[in-house]
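Below is one structure, written out as structure tokens, with a few remarks after it.
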């Protein structure tokens, strides 16, 4: 069995060829990149990590991403590249999203990660402005007759892996001198199934998240989201350390949405505001080009954002507001002038 | 000197060594410099800090607020526990399946073969999902099945009565039970089986005596419904049960094939000779064939066991807090992902290497007792 | 054997002797109790057409769900309008599998051809000038599972071969290094290696170099299974008497020539069935890619049951995926048995 027909011959040639293929694959997929923003400019689009949750981030029937955080991402794409479409959304699980951001998988994480001091100082992440104020809640079956988390002593609580939720719920029970059994599950579907199968007595997660998850249960009316919030969950875009300019682009894209609402500028009336004599509005919309030039971006970025996506209120209402299937009230996510927490620094 | 130690072509070898060292060093240095650039301080200092998360089940005492090191230890003990039970069950179950495949009854051997094919030709992860779904389909704690009084089957877990131990007689009981379990295992590694087995029997009887005559400090702890969950007794969570079932079934298919091959490696003459001596088929199998087949079976079993230990890491997919799963949580909470991963790899290596060492010793002791390999 | 003989043998095997007959009857009763609910669920009470509401009214399986989500299960998040490309890539990969499995085609041109087919599948999935670009983060389902399987096998094999030869080298340094690598990898769970590829590999690359997640997963699988390849090939090499090499050297072959033309062909032939088993293991291991967020067939099936319109039909999704895996793996293991027989016959013929 010697000669051309033997496996060895193609083995050895295959070895050489495979190494070559691998080398080409490596070279072709390797892109030279400096800090994040240079890499984005070179690539021509932003890579953003998102979760999967109707209202916040979900592909529609045509496969186009829609949602609150998706719109935030498109605003950033307008600021950085002048085009809301120049952003690619990559779905990532809670468990993987922060490591993936750190490893350069995305340029920005728009999955609604909680801003915490550990993440900021020890784990090497910068957070942009808080775009959604949330708090951790508890979803329980109505039949259990539970009115507060304090009634859950000894209960089994399901938690999704990789969130700050694991720590919050442990803190909550420790504070109240109670005990619980955690069951950590990564997959959203399994998470819901565990509650339906009565494997756990409660689900815990960001309140907004649970509000949406409740609608995904087979019999949503059998379950209730307890009104109390056991933690503060300020959800913000996250980037890795090492590119301050990129962080500032993210910051001011979000602030532009908030400031537009404060000015009363909407996608419908933004063109009329171009004629407005107020110098701060003229600076904001880039009629007076001094602001944008100083920031190194198109002076009209805020105009484009509002023209394409609307202001913060429009983004909120369109995706998760009272008129949508999700049906959230603005709550803390109102402007500071209306008793909420949203406040943009001045555009000057 | 070096030349002498390296043997032929010392310069080539030295160059290879150098290249390997440089590559490793470069990779390590890049990781460190990249971590510094990203604002990460590598180090295992976080192990000494308190961890603020709970673990679903732990054989050792652990609460949120204990150290990370302790949380990881709890995960490691969980991994060892499920692996140990899995190895024992897979061996027993797999041996039966392997022998069933050799049965003269065509239906039995057909069913056994069908079992082996299904277990081998579907991904373990998929099987684990199946077992988890099955465990979650059990009734709720309030409506738990009670096949025996004191035994609860529910989707919160399987609860069994357990002995509650207190005081000196409790300790004596625990010591006797441990001796009765450990001594027979030790006897596998030594020539003096008789002495050890005798001691084991005596300890077992002593333990039974203590239990039956109700020495103070020993009582029965019966599980019962309390609040949201069943409390008391000893319990196994549905995730543990699902993981154990999945690992056992998957590995027992391999064990079955190994046992079948081992038994078939014994020449037919042995069967015929035993039959001529008037031995039944069962007795022949037990006394003649299996002891000889062991020398083929044992080395192959080692790799099955090692696979099982490694496969137990799939626990992370079904929510059982094994070592990988706890290390993941620790990495998420502390941000020390690379360090946690290093610990995972080191732990599995240690487990696997010590396991191979023990199995090799057993193999060697088989050889010494006359089951030498040809 | 005549038909009559077959029936007689069956009868004897099932009901010959009262103990045997009792066992058969007991097993039949047991099997009925075990299988009846499954048959009832999967066939009798099943819903074959309609929507989720129609399914909710029946107790049995909802195969309508599989029908409705079939394309998602097979191709995951691949853009819907471009599914024909994923289907073509799948066909290409299946063709490649058949080519690789046919001994008649084992010749010099198979390696370059299989590389061309692999590359073709990648181009079909990823896009070519003039076609829509589909980033690898949107690849998924069955084509992805097969692509990763075949690619990690064809990358892992040469590495494993080098490791096996290194471990049998006369030179201590490569021998130690190869042995250390093999034992290190074989003592580590794949999931940890995948996490390593996810977390540590990007950090080990110089800043500015990015590697696609799929490429990283692929490299991890190839490096992982290379160690298993190495042990199988080493067993094949050990089973070969030294006289083979000596004879080849006496005939004027160089050492490399002897290895290439005499030793390896025989050694690889002997371990082919073990390599088939390993390939089955690789396919099953692709399910772990879910841990790093890649949508292989199993992960895609699971995601299909997360669709709000078809929420919670996990059992059906898993059952369908199990069928596909079983068909592929069972086919491969039967092929391994056939190959072993054929190779044994061939070597007896040579002797």
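Miscellaneous remarks
To keep things simple, chains are lettered A, B and C as they appear, and every chain counts its residues starting from 1.
Here is the rule we go by: contacts are C-beta pairs under 8 Å (C-beta built on N, C-alpha and C of every residue); 3 or more make two chains touch, one makes a residue touch a chain.
What you see is a predicted model, and the numbers here were worked out from it, not measured in a lab.
Between B-C and A-B, more contacting C-beta pairs join the chains of B-C.
Set against the C-alpha centre of subunit C, every other chain centre is closer than that of A. Chain centres here are Cα averages; for subunit A and subunit C they lie 36 Å apart.
Averaged C-alpha coordinates give centres for subunit B and subunit C that are 26 Å from one another. Annotation: 40 Å between the Cα-based centres of subunit A and subunit B.
In subunit A, the residues that touch at least two other chains are 99, 102, 193. Across the assembly, subunit B contributes 37, 316-317, 337 as residues in contact with two or more other chains.
Residue positions of subunit C touching 2 or more other chains, listed in rising order: 199, 202-203, 302, 314.
On the subunit C side of its complex with subunit A, the touching residues are 77, 79-80, 106-112, 114-115, 118-119, 135, 137, 154-155, 157-158, 161-162, 198-199, 201-203, 208-213, 215, 260-262, 264-266, 268-269, 292-293, 302, 305-306, 308, 311-312, 314, 350.
Contact residues of subunit A toward subunit C in the complex are 1-15, 17-19, 21-22, 25-26, 29-34, 39, 52, 54, 59, 62-63, 88, 90-93, 96, 99-100, 102-105, 187-189, 192-193, 196, 216, 218. Only residues 5-9, 12-14, 16-17, 20, 27, 30-31, 34-35, 37, 104-108, 111, 117-118, 120-126, 129-130, 133, 306, 310-311, 313-314, 316-317, 324, 337-338, 341, 344-345, 348-349, 352-353 of subunit B touch subunit C when the two sit together in their complex.
Every residue of subunit A that touches subunit B in the complex is listed here, in rising order: 95, 98-99, 102, 118-119, 122-124, 144, 152-156, 161-162, 166-167, 169-171, 173-174, 180-186, 190, 193-194, 197-199, 201, 240-242. Across the interface of their complex, subunit B is touched by residues 10, 13-14, 20, 23-24, 27-28, 31, 170-174, 177, 183-184, 186-192, 195-196, 199-200, 202-207, 280, 284-285, 287-288, 290-291, 298, 302, 314-315, 318, 321-322, 325-326, 329-330, 333 of subunit C.
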